[in-house]
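What follows is a set of structures to go through.
Same chain, two partners: chain A is paired with chain B first, then with chain C.
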Partner chain A sequence: MGLKRVIKSRELTVSLVMIGLVIFFSLSSKRFFTANNIRNILLQVSSIGVASIGMTMIIITGGIDVSAGSILGIVAVVLGKAAVGGFPAWLAIILGILVGLALGSVNASFVALLGIPPIIVTLGMMSLLRSLTYTFLGGRWIASLPESIRWMGLGKILNIPIPIWLTIILIAYFSYFMKYKSLGRYVYAVGNNIEATRIAGVNTKRVLFFVYALAGLLYGVAGAIVVGRTGIVQTNTGNNFELQVIAATVLGGTSILGGKGTVFGSLLGSLLIALLSNGLILLNVPALTEGLIIGILILGSVAIDVIKNRGEE
Partner chain B sequence: MEPILKAKKIVKNFGGVKALREVDFDLFAGEVHALVGENGAGKSTLIKILTGVLEPDSGEIEYFGKKLVLKSPREAHEAGIVAVYQEPLVYKHLSVVENIFLGNEIKKKNGNVDWQRERSITRELLKSLDIDPYFIDEPMGSLSTGLQQLTLIAKALNYNAKVIIFDEPTAILTEHEAQRLFSIIERLKEKGVGIIYISHRLEELPQIADRITIMRDGQVMGNFDMNQVTREKIIELMAGHTLIEELKRTPPEYTDVVLEVRNLSKKGMYQDIDFKLYRGEILGFSGLVGAGRSEVMQTIFGLIKPDSGEIIINGKKVNVKDPSIAMKLGIAYIPEDRGSQGLFKALTINFNVTIPIIEQLTKFLGIVDNSREKEIATRYLKWLQIKAPSIYTLVNNLSGGNQQKVLIAKWLATSPKILILDEPTRGVDVAVKSQIHNEILRLADSGISIIVVSSELPEIIKLSDRVIVMHEGRITGRFDKKESITPTNLLNAATGARMVYSRD
Partner chain C sequence: MKKFLNLMATNRSFFLFIFLIAMFLVFSFVIPEFSTIYNILNMTKYGVEIGLLAFAETLIIISGGGGIDLSIGSILSLSAMVIGVLAGRLGMNIVLASILGLIAGGLCGAVNGFFVSFLRMPPLIVTLSTMYVYDSLALLIAVDKWGNPMPVSNFPYGYFFIGQQTYFNIPFQVIAIFIPLALILHFLLSKTTFGRYLFATGNSEVVARFSNVPVKKIKFSVYVIGGFLAGLAALIMTSRIASARPDLGAGLNLQAITIAVLGGTNIMGGEGSILGTLMAIVVITALYNGLQLAGISSIWQVGTLGIILIGSAIANIILSRKYSSVE
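Our next item is the complex of A and B:
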């Protein structure tokens, strides 16, 4: 990669904005630049970052998934109920992740096999799952979770929290996957020109199925992290999560028109979102403002992307 | 020497349309075989069959002496038959290397894509074509169309292509790029690759082609060595003895100019367009698909902003910024693509006909006057003899020809002074076509000035009082006398001969 392209890259822009934010928040609040708070931010990054891997692939194919938060919610419920119902922690976690995979596969079937627009499929899924979550919980919380289930959120290896390990490993693997595995390359190809990809002999339905199913699985992992970290399951667990993940992905340079983007860029996007929401809380900015800022960021970066693309035609 | 590729008695029908009638075609190693014909002559269908996109109804393909059955484009690739299209099929955000190898990756033992080998092979492929491979890591979309095309030729070579088909490769290239393409084609010939070369630029064929096959109406009209056939002969075979219906029509008095276009230019679309439209006349715009005719019309209607030039209506210079201004000036434009540009197919005839004038039909508080709406729709339904049970029939349920009439009704409802029809009878059957033609004549007799854009010569010749021919964005012919409006004259201009005039 030439120097010119590094300077023009979204990764660099996002990094610079982040550095600016870190300086600003550090100056504004004494509590910001502390080991404890940095750890908090990184923990929040992990759930968004892991989920953004799946979202990145989906958006690269030209799709979208607004059911991410609702899948995470259902996963949390299954995981919590299983743990409270006496399942061993490892089994409860695997069960939760499998539920994520299953729900992702339902999305995948509608999108890839039936050819229904992703926004409709995942919107329907979101509505359906939100109602289910409410039915299962009946408005109550699951708070008395056994300590063992919280390993995914609080456990440590070499004094580094498990979620951070997970994020690093998954981001690294899928960065490699997207560059060196043919299936990863086909994800880009589908987003660039699905017809040409089909003519090149690639099974495009298989590619689309894969990205939606994998995304479901990763939302499952993110769900296990969130439950582990917070130790609580509520009806609103995962609310607005899809918004954060989509924001992280488009901020990280993935084109909403499909065809380009990187998993690593989305990790940077996740960091930016986590930084922002943490810093705003420390500055005692009302919670509503966070939504406002995320909304502006999404619209702004999508607009830049679309205008840039127009210039290329 | 035996040909490497032989198509024998290929037949292909689409519904009732006979696209190919027992077409024979052959190709030798190391030759360039040009394929020419008007739009709709069957060239594209033949190419699609040779590249596995379509399967023939009957007939067979022999390839290196063996029968070849192609079920998909991929099988054709693997056999070594590759097409390079005018608009290259590319992945624009992906690198050149990737565009060449997608779907055909080189892998290491562990299943990883072997980027290093892919890159070095890409470099070799480009060098073998005498192209400096400095751009192989750039995204394809950042390359010029010419370079994209060359990259696709490199891709074809990577498939070890024995047959490369070029579909109008030079139509979008600059002169310099075209010359480079020709020298690459020479190199391909030296390697023994057989080349099928489709082009509307007859003037470049003597330079590049060894043989030529001329098609018309799904049949082969002739096959010659390039140096044994004249341009006139080719044109004559392309045009054939087209049946032209005679019409009883007295041309208008050419006195009132209603529309004048002066030096209109838009980069990449059209150049120096100059013409006048008189009251009550039918002015035909002839040429091949992509000659820039539709773009000129869309500019007059305010859909495209020109770079320079003037549009003058009734003696006044106007600035048509958008279609609503064009409509106020009395211009109606009926686009070629009925589905996406012209009609709301899921709605009623009534809705479609009155939508452009709906604001004039409102009463108190902007409520639409339904009885007037109904009256207008009914009037046009009867006048244009649209075959439908009622004005509340959904447009979707009408035949193509009747849909076209609804579209005409929609614009007539605006009482236009200037009516621009872009391919008015595409996709309609013969009976409806002649009905639509009669409507057009009746409208012209009533004093409306009409521009007809059509790629069908018989239609242009039948309807037009005068004809303007465009070729690659420029006006290459003007025919003001009915006697001079002949297939041969029009084709000559449409395929880029020097300016053709017949003022006197």
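Our next item is the complex of A and C:
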């Protein structure tokens, strides 16, 4: 039984695919399996990985959040403007993250308190926030960011970059949280049967609110990482970010129907996508085919999953 | 008054109609040139392409089971590039190229439909993946002989009548394509067995299956129809702007979904109408036009769309709690 579950688990499938890819890319390109390149891949993973924690929880509750990229965009703008405007770096970063939390709470209020379907709320927020980003920036870039603000992206502790630390700590904590904390268990319960959970005495509105608000906070952290790493804030910062995060989450085995999924799986999903896009560049595959390959990969892996789990409903 | 509010709460088309009148009054006061016949007729052409995509989303969302098509804008891009490359670069007959463009759209829809209905995969995942795939394919076929994806603009002159011709100021694509299609789709949904089956499937797939409704075929066909509509929108758009670009449909997927939902299509499936979506298209087109004439940056078009979407959802909840007699 235990072994069967491991074999059937998505984490294993994704891990095997990843090992296969690593071997393939290492054999095909001398530049792939180098410390420098691996660090690049991990840095690329960090922002998607951190955001995917929130997305995973949201999807487990049976929801979706397509406003992630727009929230990240606003966070980047606030952070950039604050830093250029003379705020100390730590304050600017905290401010940015708080803006993420606030916007997540707006989503949370509409979804949890008013009961509006998540796709509608976050679609609306996505459009609105994207327009706000354009307005705040007025079509210009913020490129002259002070070096101190880039700490979240470039800083190092024990020679390991901050984003990697953040990813490891957050993933580890929230894996624990989802498995052993009661609020974490409620997230699964809400996704499996919200009505039964409510009748069992759980405040389901509170659970939903928590999930969307926390996701906003994590997009804020991801935004600080992205700004730190790239050192630039553009109107299209965070464009399509939500799709990458959703792709990583789903690739990692979170069921879009809710009730099933793990934070760690989503990290593996993020890793797989980053690995693939990095490896393809090293192999000189035209960048235009990247979407093609990622799309087919998601389709294929979910199709296999669906076929494998037939008759278990 | 109570009856009026009750109707507002229960009938989305009526709600949008009142909203439209209010908006018209405001815009007419603020902007003198808004309510001229020329402007009103001319703006209709901007609603056609996004309108066709919104119709596609309406059918797909009604089919239920999380039905949604994130790839609809990418299908538009790909179809546009198929037409552009075949006619502009390879010199194929434009009629043949247009037909192949439509078929490409239908095929893309069929791929979505296959995964959704026959493999029973969640539509969100399927169309998210195919969105990447179709966008990528559109870029790949747009690559010119120097290896860069480039737009195609050398269409034969005769092609432009689809998107640029007008009769008494009424755009060709509105009277010859959009209005007939809206009527056909309305008929299809409200008067045919297919329509009944579609709503039955969206309301409860299990019940529909036990009632001998060919659920899989129904679901498959809405995605195919959606693909064709996107192909048609591509045809009209490339003709109107006289150019095919691989990013023509970028961002249109979410706008189309927004309009369908604004028109009263229930995101959970089983509920929606062509009339409602049509009203939403008219509202949004007039809104975009009014904002543009008022000199508000076009960036705020999408932003306002977002506000209206959330606003209408809230209004709907408040109205239906207070006034709806339906439990």
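Definition applied: the second predicted complex is superposed on the first by the 295 of 313 C-alpha atoms of A that agree within 3 Å, B and C clash if a C-alpha of one lies under 4 Å from a C-alpha of the other, contacts with A are read in each partner's own complex, and residues count from 1 in each chain.
Rule of thumb we're sticking to: a contact is a pair of C-beta atoms (placed from the backbone, for glycine too) under 8 Å apart; a residue touches a chain by one contact, two chains touch by 3 or more.
From a predicted model like this one, the values you see are computed outputs, not experimental measurements.
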{"item": "Chain B versus chain C as contact partner of A:Lys260, first or second or both or neither", "value": "first"}
{"item": "First (chain B), second (chain C), both or neither touched by A:Gly115", "value": "second"}
{"item": "Between chain B and chain C, more extensive residue contact with chain A", "value": "C"}
{"item": "Which of chain B and chain C A:Arg130 touches, first, second, both or neither", "value": "second"}
{"item": "Chain C residues touching chain A - in the complex, by the definition given at the top", "value": "66, 68, 115, 119-122, 124-126, 128-133, 135-137, 139-140, 143, 149, 254-255, 257-258, 261, 267-268, 297, 299-300, 302-307, 309-310, 313-314, 317"}
{"item": "Chain A - residues contacting chain C, complex", "value": "64, 66, 110, 114-117, 119-121, 123-132, 134-135, 243, 246-247, 250, 256-257, 286, 288-292, 294-296, 298-299, 302-303, 306-307"}
{"item": "Interfacial residue positions of chain B with respect to chain A in the complex", "value": "72-74, 77, 89-94, 98, 102-105, 107, 111-113, 115, 141-142"}
{"item": "Touching residues (chain side chain A, partner chain B) in the complex", "value": "179-182, 185-186, 188-189, 191-193, 195-197, 199-202, 255, 259-260, 312"}
